[in-house]
Amino acid sequence: MMIGINDDEFIRGDVPMTKQEIRILTIAKAKIKPGDTVIDIGAGTGSLSIEAAKIARQVFAIEKNPDAVDLIEQNAEKFSVNNIIIINAEAPKSLSAIKNVDVVLIGGSGGFLKNILETIDKRLKAGGRIVINAITIQTLNDAVDYFKNHSNYKYDAIQVQINRLQQIGHYDMSKALNPIFIISAEKL
Amino acid sequence: MMIGINDDEFIRGDVPMTKQEIRILTIAKAKIKPGDTVIDIGAGTGSLSIEAAKIARQVFAIEKNPDAVDLIEQNAEKFSVNNIIIINAEAPKSLSAIKNVDVVLIGGSGGFLKNILETIDKRLKAGGRIVINAITIQTLNDAVDYFKNHSNYKYDAIQVQINRLQQIGHYDMSKALNPIFIISAEKL
Amino acid sequence: MMIGINDDEFIRGDVPMTKQEIRILTIAKAKIKPGDTVIDIGAGTGSLSIEAAKIARQVFAIEKNPDAVDLIEQNAEKFSVNNIIIINAEAPKSLSAIKNVDVVLIGGSGGFLKNILETIDKRLKAGGRIVINAITIQTLNDAVDYFKNHSNYKYDAIQVQINRLQQIGHYDMSKALNPIFIISAEKL
Amino acid sequence: MMIGINDDEFIRGDVPMTKQEIRILTIAKAKIKPGDTVIDIGAGTGSLSIEAAKIARQVFAIEKNPDAVDLIEQNAEKFSVNNIIIINAEAPKSLSAIKNVDVVLIGGSGGFLKNILETIDKRLKAGGRIVINAITIQTLNDAVDYFKNHSNYKYDAIQVQINRLQQIGHYDMSKALNPIFIISAEKL
């Protein structure tokens, strides 16, 4: 059990990164098993891809931003992970070549969530799982709406709010991280 | 009913300011009435003092930072409030001249919370109220500890976490404010 | 300044009631002034209507549930408020007779939020305000969507999460209240 | 990677149980590795012990309540975990026989947190970790205070608030779980 890399261990640049606690919960909700094929859409710095790659057989990291692609490569090298295939493209276009998928992680959907979910549906195995991290209420609503209207999925959703206690001299001051919605669906 | 000035209406400088929602809840929990004498300890920009002064008879704003004192004066003038007496000093020293107090607001205690509460106790009327805003767990703990050990007070405490939905194009993204503890005590 | 009645002072029955902190923030965000005409849709126990009625000229409490109507009457009597007109009906039907409205509070919309907002729009003065309390993501989304698509409104939205510290012997244990979204819009 | 058992898969009775998301974060913050010796103090239903036992070499589950001890046994059997030693006793008394500990999880301390931490300190390896779940501000404060005053530890602390979206017909309603503080310390 290796999940839980600290945020400051990743090479980051200016690319936004999923925070440690959200990564941990996302990977756990995804129930990734050895042997699994995973797609990480909107991979950013690759932090989720790397945590997933330590458990799964193969991770496809989809990322449209070339700067972020560089970071994924650097982080994969830093953490000695060699089962990530990086695809520098925008979902859903790049997804059609990948088959028999066990788990899809969606951290960024660029406004194409519905199209992405429709494309994924054809490539995801029965029993496969989709875990979406949403920072906007529109993405949350689109995700919930999709799964409510597709009876071949059951879903649950949580909101996670983390406050970190920052140590300032004798004091510990609550610093809030922005809340994240995590929507987890299983294909029946 | 006039409480609820927007944050951006106050003149602020670099002094930290209690956010609107916390101001509203603090003033409401203080149950300030017309005719009341109020002390605002650690007045900062004066935002709480000004909301209090629109209801109370007299507000004493205690603030050790001279830059903040200037801001309180400017804000009092901007909001046409003329019943605030600003005391440029550090509590509890400056409190002994004030008598028959109905309400004490404590936004900053500079590590002297216990001494401040002991000094206040002698000057607060029966039925009077103390409302403390705490951003550290030590201040929260000191406040709760004091009231637990003084049977002439009953208290309640809440934690308030506000997320503001920031409008970014077609999206609304949750931005977290740091959580605040509000401890409210009534002198029996 | 009188807002901030404690929850346990209201007569409640089995009808769900807006909690004190949410009531306080809702009334403050509504910026109710003396002289205002207010509509409270989905009035429930009447707790918001009563807080509003202490400031406004006239409050119309719209409530479809006859048991809740009884509670509003009892609470209005208990708090000596005589400027609430209770309408036992389901919005938006009952709204068309009310004109020149300054503030509309929406605590319950029974799935008709869009229709309610369209009906209100014709009766709300320029400069008037609508404040919606949402407990579901669908109501939140419908409210935000409406105001995003009607350029004669500007809006802001917050999520409020309150934890109450429950006193159990020497301990204070955090008990969470369910989070509420408060959407506030001003008609330009 | 197997952490993340759903709450309803555990046999529970009336014993309070750490919720899934908190279990996941606690186990991840504990950085349990194969070969580790783990102590779970205040084991309750055994849900944390079982997640830990799937990774560690040996887990000692300390629990004073005989009814809870039964549940731990039943759950260990249900999840086919055979490396948990259950000790029906109250910490810190029962801890002295256990040596070379890698990880200590503290879910319940019965008011003896300081004594427990002092006893653990003698049995915990350098590089070992302590992860405390606190539901009261006193336990949070005691934990932070202990680590602040013992320079052979570094610590971090977070507050976790989870809202679950409950599906009710066409709606998803936010239901709050009580917030938990997770304090993680590493022995230098």
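Which chain is which? They are A, B, C and D, in the order written, and residues in each are numbered from 1.
Definition applied: contacts are C-beta pairs under 8 Å (C-beta built on N, C-alpha and C of every residue); 3 or more make two chains touch, one makes a residue touch a chain.
A quick note: this is a predicted structure, and the numbers were derived from the prediction, not measured.
Counting C-beta pairs in contact across A-C and across A-B gives the higher total for A-B.
Greatest Cα centroid separation from chain B: this falls to A. Rounded to whole angstrom units, the spacing between the C-alpha centres of chain A and chain B is 42.
For the pair chain B and chain C, the distance between C-alpha centroids works out to 27 Å. Separating the centre of chain A from that of chain C, both taken as means of CA atoms, is a distance of 38 Å.
Chain A has residues 137-138, 144, 159, 161, 163, 165, 170, 172, 174, 179 in contact with two or more other chains. On the chain D side of its complex with chain C, the touching residues are 111, 135-139, 161, 163, 165, 168, 170-179. Listed in rising order, the residues of chain A touching chain C in the complex are 137-138, 140-141, 144, 159, 161, 179. Across the interface of their complex, chain A is touched by residues 1-4, 21, 24-25, 27-29, 31-33, 54-55, 144, 148, 156-165, 167, 170, 172, 174 of chain D.
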